[in-house]
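For reference, the structure discussed in these notes is given below.
Letters A, B and C mark the chains in the order given here, with residues in each chain numbered from 1 onward.
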């Protein structure tokens, strides 16, 4: 019942029990042949596959490739998306003009652009980065714009009352005021960029976590596929936790 | 007045974009004819529509989407409600859910095509997987954040657990639930296209892959347009639904 | 010596449905250097608008504001505004907020700014809270920061828009005593808006009572009470008489405003 009080460490060990329990059920299902072990593999086999992958050194190459594509894509998105979002937040006509494009990109399943990227950029990292860029930039633009528009107008009036220059207004009021929203946008954008990178690698590449999954998937070596998924989970959770940490450091001024 | 301004400035910008796009190839701004032209794309669109080539694909894709999405709602909302209501369950499952939530479900494509069969089965599965977690997690969060004062109020008037669910938790968690559904629609559509592009012989995703492989850029862009339109229409429908739902709430509450 | 002169100020705002709203009309006022003038009036009569015009944030549709004979065309370092909503930057500490105006003016080195900030922190009694963020402060402390920030740029004119409105009654009294103490030190020219009749009389050399919208001068009341003033002065017969008089003036205006609304309905 919800009236019971739980202590802080309860979340930790209960969560651990949840994960271990799920793994146990999975292992038993495979051992007792409740489902075809070829199809569902098992935690033990996955652990073995993971070790083999790491020992061969391919893991580090694949992880490196994926992270590289991810970082470039998200960096480019931030570089382009934040200024764009600020402009849209500041200037009504600019917002109205860009709005249709942003919303179209936000609601479109962006993978459909993949064949175009392949044709324009060729098979390889560039097309993957472009796809991930497209996935993430929309989120950054939207969050930045909302953040800028959400700044208390009295703060802007205050700065203007002190004769603030435009540069000061930007760096001392607009940017810090929108920062929490921008960082939250960055966190969501990272998740979206990860989708873009994995899909791109899944479709065509010769390295990366998505490639690993697709490669072993077609060979029906599902332990290796699960190992790939596991690493992707680690990357996803790790990044979002890292940004959360950044968030909590950056916005210490919030009650 | 503002509404009107938004419409015409937006329309003007789109028009300007189309003009630039149309003129880019003849004026030699792009070297290869890799971007087609809006007039050609429009023509291809009309042709595709007239020849009926896209309807079969559209039908298959939408069928897969709706089946997967309905399953996601049917599973996601009740499970989300239960997890949100019982603190013990949520503590047990949070890390697990967090891990799965953060994983791009499309990465499971290679498994799904074997488990559920290339094509329709895998499509339904990936839509379900993509949509169910946003719905489930947001519903749980919504339930958890309903003000406990209301729960106590219903209880103090002798309400049962069922009353609490029906009168407080469910209506109270509608806005986050809608957020989950909106995200779910996006993930679901993405899943359809990925699944059909990855391995299928039907659906719009398959057509996109096909035109891409044969470098028929004009048709390819026309198909991308079809998919975009689909996404836009769905997003708009959801937005309307959200407005409608919140309006109904306002009337009930005050 | 004449410091601020408002001549036939008229301010209109465009309405969303089209048409214009006349917020302030034919407003005349002359303020002497070192004078403390308070402004009271019904809600929505254009007090804040008027202050924004003097600060230069809002342009009047017609009429002019002169400060020391110079036409006001925008915000200037000779005037500083204290906001009703405090308007502190939530991501800056007390120090950072007090130094904001000085920073934005780009006239002093950051070292000099630090020294000045320290001085004003002491003046408003916030020692020990230099590194606190606004959310960690009480309402009264926040407004001290707002006042210190305005004082720090050493303006000749202090424009205060209901600076104590968000405070509880007790803090409010303490703050007004503090304000007078600070003001006695260098006698800046102050334009002070308030809804509290008590406050308006207690602080002012003159009280301007405004009519309901469009805001005009209804009456200007000379407050002859001796300075420095303590809170005890609020019991003096002269104080009570002034308060009563202003109350009557305002009641008339508020009634007119309400009746006007009923006429339209």
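Here is the rule we use: a contact is a pair of C-beta atoms (placed from the backbone, for glycine too) under 8 Å apart; a residue touches a chain by one contact, two chains touch by 3 or more.
If you're wondering where the values come from, they're calculated on a predicted model, not measured in any experiment.
Trainee: Among the chain pairs here, which one is joined by the most contacts?
Mentor: More C-beta pairs are in contact between A-B than between any other chains.
Trainee: Determine, using the mean of C-alpha atoms as each chain's centre, which chain is farthest from chain A.
Mentor: Relative to chain A, the chain with the farthest C-alpha centre is C.
Trainee: Select the chain whose centre, defined as the mean of its C-alpha atoms, is least distant from the mean of all protein C-alpha atoms.
Mentor: Per-chain C-alpha centroids ranked by distance to the global centroid put A first.
Trainee: So what's the Cα centroid distance for chain B and chain C, whole Å?
Mentor: The mean C-alpha positions of chain B and chain C differ by 52 Å.
Trainee: Using Cα averages as centroids, what's the distance between chain A and chain B in whole Å?
Mentor: Their C-alpha centroids are separated by 17 Å.
Trainee: Mind checking the centre-to-centre distance between chain A and chain C? Centres are C-alpha means, answer in whole Å.
Mentor: Chain centroid spacing, chain A to chain C, equals 49 Å.
Trainee: Taking the complex as given, what residues does chain C use to touch chain A?
Mentor: 55, 57, 74-77, 80-81, 83, 85, 87, 89-92, 100-101, 103-106, 133-136, 153
Trainee: Mind pulling up the chain A residues that touch chain B in the complex?
Mentor: Chain A reaches chain B through residues 1-2, 4, 6, 10-11, 14-19, 21-22, 39, 92-93, 96-101, 103-104, 106-116, 118-120, 191, 194-195, 198-199, 202-203, 209-210, 213-214, 216-218, 220, 222, 225, 228-229, 232-233, 236-237, 240.
Trainee: Where on chain B is chain A touching in the complex?
Mentor: Within the complex, chain B contacts chain A at residues 5-6, 9-14, 17, 34, 85-88, 91-96, 98-100, 102-104, 106-111, 113-115, 186, 189-190, 192-194, 197-198, 205, 208-209, 211-213, 215, 217, 220-221, 223-224, 227-228, 231-232, 234-236.
Trainee: Given the complex with chain C, which residues does chain A contribute to the contact?
Mentor: 152, 154-155, 157-165, 168, 172-173, 176-177, 179, 251-255
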